[in-house]
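What follows is chain A paired twice: with chain B in the first complex and chain C in the second.
Moving on, here comes the complex of A and B:
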């Protein structure tokens, strides 16, 4: 028996384009798909809250307080997730609460990202005394416990949505700075940076046009981590009464409001708690997934 | 190989023994931290909801510290909670010699916990000591009416008043405990803070500063005392979180807890494991409005609109229930001089909107609300008020702070409104609330000299009819000008071990010396 296959007759397959490779990696990454799915549902719920929510999030109905969710005894389809201690629809408040959590996560990540990325780039690229000064700032910031400083600042100047975003934004930049600094130190020695210098590119050009695009992978991962971190911290501050103020429907505030009835009406806490968990989990899964699929070898 | 195993076995056994011993020690440590069920060891385990910073009564604040002092110390006279009459305690007799002279004849045979005799010298020493501004007593209201104390003879003490003051006996009975002069000289403030010596029905046995206080019945407590303790020991421990208290109560590790919401009370009752009580107390809940600083609330029509906008009855019935009652006036109607013959504001959203439009705030305005963090003013209640005000266009920015911080902010001119409750020190006299809030000083944000003048007249008169008339004029003016939104009286929820006989009195003092086992 001889093999008669003529290899010359097999047509050469075209190499997949980078976008096809990326799409393939995305669809094959289970964590990214699950996280993305959960996150998409929450984002869509938040965006379309006015359409999806059956009630006004602030509408009280004192005659229908702590109505249980539909799957429990005494529950009804009129209030699928039940009502809180003031008779407000829990599903409605969860949907509107998602807006607050996402807004805080995104805004905080944006503020802290701008600060941290700028400092990290400058420290990593220029090194020397500049690096020493920025490292001093980073270590000073690391020496301060975030929650304690946030509590003190919010207690001092009063709490509001804007205050919470600004306080967290100005406290959560150090991870951006550390990661970007380390990556920049590695990248600045590579050939393409030398090539840009040889072509007469200035430092600002190199930082913005050469380094940042190559740091996108790290930035995305840190941004998702900080977004999740900010959401958790907001919930903690609101739980302690120093975050979002009533009657805004923050998930942390909802947990706090249900705290006194923890033993008797546990779903008042578990429902917002589960949603908080799912949101943070999904953001982390998406961050990890994006890191994996955008890494050169497909897996970091 | 085998040899090695054999050699290791005894080590392993020893290791397990060490582990078991460590585990047993751990269990012993844990069990020593958990209070035992009360009746079996004659110990009443009490959940304290706030830290007691010092046991030096005159330097402490907060309800828990006041309650503690009623057990460690004694006063010259005692107010009978049933009859409301003042009866002899450390003093076997007392009388007003004239409007400004109170005379006490001391009882013989009273001992302090350290075995020393309680004498007239101790009384004079204590009163003159704590009324000295250098001492820095926290509750100045309780002592500022005293000029000085004098000893007339071995058994007679005179308290000179600065001027006629009808509430003097109330303060002497509830807020003027007697210290041992010798011990205080030796131990000082620090000594009294950690290891106080009094003559009350319980003596301090052990203190874990800021966390736990064990009191033991004082067996040499004097005969004829109105405070005769039945239970052998009190174990008071801080449990700042209500669910921890509830768990302790239902598992038998706590015998008494209080000040939880009606929502919790309803559900706790359904368990059938505890005895529940609900008692009306002197405390009332109110929303004070600022009429001194520039802004919308300075306008009387805006203040009246706020009064009309809050659905007080619906909120009270839903969130408080129990024995709470709506009040139309700036005091508790059971207090002497508290007139309810005042202007009232029914719930009427349209009227509120119309008043706001008349005042030039048709589109509403923003109101900065200070809320005192307190079990009697739960967050849900504040949210209900915020929601009602939103219906008439008033957007509320709320700031929740503990009492001390809220008081300082309010007195400093911050906030347009203050939401809180006031217990009047448990004293049934309008002077203890209306005069405190409208009688002058920075905390008075009404800034109405007419009101202040009538209150001062009432406070310093011993003619009951004159006092009543003056209080009524002041309260009517307060209502007309809508300086407050009076909300409701407060009734306190409490729960006990089913084997315990105990009730909370209307002055918000829990007298554990009156408790007994069934």
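Moving on, here comes the complex of A and C:
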């Protein structure tokens, strides 16, 4: 057996830069592209709601109540997705409702992220007794039934957009804490952290300047999952009448308002439900996709 | 094993104690509980009376210890709304929630375990892709909306099943499906990944190279170890399902503890709310404790790790 390949003659290909590799992986990831596409449409719809929406979301038109969507008998292009039981244009309310869902998702993930990331960093970096205390906090938080506690606290304080965001933000931090804790434990033993210590860097400097940039991927992935979680919970709270209050067009509240007409106009609950599903699905697809494309082993 | 058991039990008791304090603190979330009971138009005399009657004039710590002391003796307080002991109402309502929870849990396991194992046995096959699709889509469906859609399809359009109430076993079918579906994706994904990890381990390769059949390797060798993390997750999911019953029971008007919790929150009947929050939390603590002890018994690595 003779090996005739002469390795010296193979021209060396220029190695693709990390950002090129990442871009390639993103465009090859089907879930990420589909999720990103749906999410982009919803975000644009929410941002440009005042321009896109054909009507005022609070404008009642009692002469035109429960007009069916355009593809059903009796529907018209005047109200593409029909009108609700007060004659308000459903498409308009959906567009404005997207703003509420996205706001809830972003604000909740921001609050719970700050709490969870801080706790996770501290637990993972210092370990020992500090870690025990924080693990105890996480276990305690997990034992509290989220939906029930959120319902009770929102009802006691008085339900509003702000209360819902604050209550969910202070309840949904445990996944951030768990994931960041585990990643920090792995990172703190690496040589570059030792190098920073040898240079005389303090703990706070190491946590903020050395660890957080390396945890960015995990943080973004958990943040997307918690956004989706918060959006579903807000919808459930509003559905039960203890979240966003009328006349705001929260999608969960729209399902709840359509519920009494369930037998006669089922699309009043079908349409906002489908949009909730698409929004949560797209955020989850983006989160899963980002985890895949940023994974060191390059799972495709 | 004894050391591990004592340590784990101590942790569970500490968590239960902290959770009960937080539950007690719900009373003070909205400010003064006496004013909350009487409403804004109450006179000072009434407020003073209620404060004394319910013991709100005592120091907080004393109130908490007394409250906890009564709870431990089985006295869950007195419902503002029903004017009877909370434990009396819960005795009627809890069996429905427990029944729903266990049915939904069994359904979730019946779907999640076989699907997870099948997906891991043939990665990237049609079954695997279907399972992945179902779990990604399933996690995005809001359970209250799925419940309403089931009512539209199976009760209104097809007229097959009742939409609300709890008079017969047929009333439990739709709620069970919706609550069970909610727990399925997580259990299935973990079963799959845990199974994949075990299947790539050395001892499984040895078993295969000995010429054992695929079925023997899969079920006798791999599954036993793969199931360990799934036990913990399943216990936690059963705990979460109790809380999920709040939404599902409200959709289907099942008169269980979840529906009662929602109604009591709307009515401001705080002792009932506190009792249910506490019971659901303690149930979660107990379930995860049992799962951990079971795992420690199964797996020496768990009990010797400390």
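Assume the second predicted complex is superposed on the first by the 287 of 300 C-alpha atoms of A that agree within 3 Å, B and C clash if a C-alpha of one lies under 4 Å from a C-alpha of the other, contacts with A are read in each partner's own complex, and residues count from 1 in each chain.
One rule holds in what follows: contacts are C-beta pairs under 8 Å (C-beta built on N, C-alpha and C of every residue); 3 or more make two chains touch, one makes a residue touch a chain.
Please read all numbers here as calculations on a predicted model, not as lab measurements.
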Larger contact residue set on chain A - chain B or chain C: C
Check the residue A:241 against both partner chains and state whether it touches chain B (first), chain C (second), both, or neither. both
Regarding the shared-chain residue A:62, is it in contact with chain B (first), chain C (second), both, or neither? first
Once the structures are superposed on A, label A:146 by its partner contacts, choosing first (chain B), second (chain C), both or neither. second
Regarding the shared-chain residue A:86, is it in contact with chain B (first), chain C (second), both, or neither? first
Which superposed partner A:261 touches (first chain B, second chain C, both, neither): first
Both partners, chain B and chain C, contact chain A at residues 241, 259, 262-263
Interface residues, chain B side, partner chain A - complex: 242-243, 246-247, 260-261, 263-264, 267-268, 314-315, 317-319, 373, 378-380, 382-384, 386-387, 390, 397-400
Touching residues on chain A, where the partner in the complex is chain B: 58, 60, 62-63, 65-66, 85-86, 158-160, 241, 245-247, 256-257, 259-265
For the chain A and chain C complex, residues of the former touching the latter: 31, 136, 139-140, 142-149, 151-153, 155-157, 228, 232, 235-236, 239-242, 252, 255, 259, 262-263, 266, 269-270, 273, 276-278, 280-281, 284-285, 288
Complex contact set, residues of chain C against chain A: 11, 14-16, 18-19, 22, 26, 29-30, 36, 136-137, 139-145, 148-149, 151-152, 156, 236, 239-240, 242-244, 246-247, 250, 261-262, 265-266, 268, 273, 276-277, 280-281, 284-285, 288
